[in-house]
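Going in written order, the chains are labelled A, B and C, and every chain counts its residues from 1.
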């Protein structure tokens, strides 16, 4: 059987692992990083059996939920009290969530 | 015990829970004052009694409970007090149950031993050197020790059923969507189910009756009314499918033998046991870990140190703060799963990993659909092994993941699944429980519970209690 | 130099939908509240909270799709778009990736060019981060979860002027359809631009994205600058980098924000918390039946059926409120030209005059009925134009019937022919030259006499009547 997804069986390259960590905003010390990467590769390698399963003509199953068209009416519900919202905040500031100074724009 | 007031029951439960806590570490916190106040209110109230009147229960630490520390076993959420209460918890309270405390768990549900709790592992009441299973570790330990009448847990890939099996109690994962997920701290949204652990199936069913049913706050919650108490039924003529793959390689022969013996008992009670095949069982762990980790990487993206939780300064920039917070706040297993999830969703890998896993997921679901054309229910071992020693697998993620081989298939397919005790195996100085897993078609929650209850009426396995529980009784 | 270059522009426009509540929770969708007071467990991304879609948001999205002639998809789903920023509470935005609720459609420009839409999708807005107060950035989540549609064009636009025209038309349509306020100042309309330049018939140029454009004028200005920058760079042998640039309105330049190397990998995947949504034909037809007449159709009708000039029709339909006001007044006074004239001149003049206390059509304190009556009084000569103008101002201060104000202010034109004659005779005294000119047939010379008569009357004489009386007296003498 032809593997429909050759890249899944290929060993993950270190750069891709590093990229996944960066995307997820996770950092590791260099030593930890090496051990982490090695273990990560071992885990991925064990999952690569998936690529060998014939899934031709099979639709993905993203959720077992068969529900559709679940909607709410456009009516207001009470918001949280601001004190309650900010009670768990690491840095409440004048009714805002304080964060390190950052110039505009995501990432 | 049934004549006791709610306050007497709650006091007894609190006393036992507190006394055993040093040995079991089942709880992250006990709300003695709140529980006693609530019990006194119930006693003072003269109106009709709720279905769970006066029953003390434990709340897994990933179910939001307003004003109480709901940390999901994570250091990152230490001190986080939820601003609202989960639908399932609220419904249990509304039915008259009394929440005793917050049960320990693997961080965000990532684990099968409780060892990934940032607050130290819980212990198995049958043998304190062993794991109670996970991730609903504290919930299972507290129920097995007799500290609570039931516990609310969550099951993403077996987190209610496996600890129920390892602790010798009954544990149920409903059909996906049968119980609202609102207020359940998300691990993998398409797999997460709120579940119930209790000493017997009848208790499980009455709790499920109270907490299930439509919820306008959860778009994936089924519109059906809450589960009704299963009518007593016999096992006569019930066709039970025993999947060959659930007794094969990787399953402890003692566990397999114990479950085979239970199936023979069921046959003697009138059931018909048929060998069936679930040919994609071997792929369940890989499928599960790809899908669940993908969703987890997304669900855990909100832990950025901005609005709640612990914050680490990092290099002083916003993104540096987020990276430092997440890197030090999450435990090793959480980081591993988030990294795996990000990897399989990232561009260039999405089709090969995530979509491929979703396709295999459908094959796994189809295996069940085909099987249910021939049988009414599927039964086999819940866990391939007995409760293992703490530390035995914690260094090897793959060994840990292997323990989920028999529970993840029903999770991937969204099916109702029940674990009931089916015997003890002697290992060393300990008797260790074995769990029998019952899997039903989607939506057949009452039917599965009715079968479990019928079996418990005709057998005594579920009455076995660890020595520790009997000692505490005295 | 730019004749040798072709400019290729595509626009991505975000519009906040005019719902009462947010997209996935019951918090108010409102601008200007105290920070973090319109926030709940869902829109602040508290652990365990779940989204449930607002029916009205989906319907307003559909309405936009129908107004823009898009093809509505039979079913649609939501996806999670991941990135980390302090104003994004869940670490992902719920958006639509590969199954937007509609595709196609577009807007015709005056030139006849059709700007095609690739798609419109629904998504939630992020919160707001404030960077210019103190040593920290501050996050307000009131806006987090507000429903947005994002309309993405094909790269069909070829100049700043076309971009401006497209945006103006888009805003008009969405406002008319009741989809969005489209107020750039309140941030309910926001626009990102993709622009490249290429030689005619040559290969596609490298695309640059422009952000931070907070007015249509800025969009046009940023485009002009960016096009010039790209052409200059290419003509001097350089190249254009694929990047995102921010427009600095004050300096009038664009600056690099991020390059392709650190482009995002958003890791989209279907949101398992939300189900599929079907948009069946019966429902789409129902939404279509609620759709009001759109600006282009209204303009055509004003010209064809009401006989207005194309210019007046354009001014009247520039906002739904003006157009609706005009139509309401028309129901009480079938004089479209006069009503249009008064609305586009005298009423419009109120808005630019601080003393009137009225800044827009929505703030007019008097009803279309009263406005229609005022115009009728002027049209029939019961009050002079300047008298009517005075009454209009008075109506802003105290919204009473114009007829009452006219009497109270003594502005009713004097219809008494004897009084009129006395004023005219007085004005004619010593004006023999003018009289002679008029007799010779130079009637325009009369103009010099009308003013003095009006002055003598204290503004109560109707200029038309004065003119007739003067002619009568001159011819009779």
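One rule holds for everything that comes next: contacts are C-beta pairs under 8 Å (C-beta built on N, C-alpha and C of every residue); 3 or more make two chains touch, one makes a residue touch a chain.
It should be emphasised that the depicted structure is a prediction, and the values quoted were computed from it without experimental measurement.
Chemist: Identify the chain whose mean C-alpha position lies nearest to the mean of all protein C-alpha atoms shown.
Modeler: Nearest to the common C-alpha centre lies chain A.
Chemist: With contacts counted as defined, which of the two, A-C or B-C, has more C-beta pairs across the interface?
Modeler: It is A-C, judged by the count of C-beta pairs in contact.
Chemist: Let me have the rounded angstrom distance from the C-alpha centre of chain A over to the C-alpha centre of chain B, please.
Modeler: 23
Chemist: In angstrom, rounded to a whole number, how far apart do the mean CA points of chain A and chain C lie?
Modeler: It comes to 41 Å between the two C-alpha centres.
Chemist: How many angstrom between the C-alpha centroids of chain C and chain B?
Modeler: Each chain's C-alpha centroid was found; their separation is 56 Å.
Chemist: For chain B, which residues are shared contacts with two or more other chains?
Modeler: 80, 83, 189-190, 216, 219-220, 297, 301, 304, 306-308, 318-319, 322, 342, 346
Chemist: Would you give the residues of chain C that are in contact with at least 2 other chains, written as numbers and ranges?
Modeler: 41, 44, 52-53, 82, 84-86, 137, 139, 141, 265, 267, 269, 272, 274-275
Chemist: Send over the residues of chain A in touch with two or more other chains.
Modeler: Residue numbers touching two or more other chains: 19, 23, 25, 62-63, 65, 67, 70, 72, 80, 85, 91, 97, 99-102, 107.
Chemist: Given the complex with chain C, which residues does chain A contribute to the contact?
Modeler: 19, 23, 25, 62-63, 65, 67-80, 82, 85-86, 91, 93-107
Chemist: For a test of understanding, state which residues of chain C touch chain A in their complex under the given definition.
Modeler: 19-21, 25-28, 34-41, 44, 52-58, 75, 82-86, 88, 129-131, 134-141, 211-212, 246, 257-258, 262, 264-265, 267, 269-270, 272, 274-278
Chemist: So in the complex, which bits of chain A are touching chain B?
Modeler: Going by the criterion above, the answer is residues 4-8, 12, 16-17, 19-21, 23-28, 36, 39-40, 42-44, 46-47, 49-51, 53, 55, 58-65, 67, 70, 72, 80, 84-85, 87-91, 97, 99-102, 107.
Chemist: For the complex, which residues does chain C have touching chain B?
Modeler: 41, 44-53, 80, 82, 84-86, 89-92, 137, 139, 141, 265, 267-269, 271-275
Chemist: Can you tell me which positions in chain B touch chain C when the two form their complex?
Modeler: 62-64, 70, 72, 77, 80, 82-84, 86, 181-186, 188-190, 216-220, 294-295, 297-298, 300-304, 306-308, 318-319, 322, 342, 345-347, 350, 354
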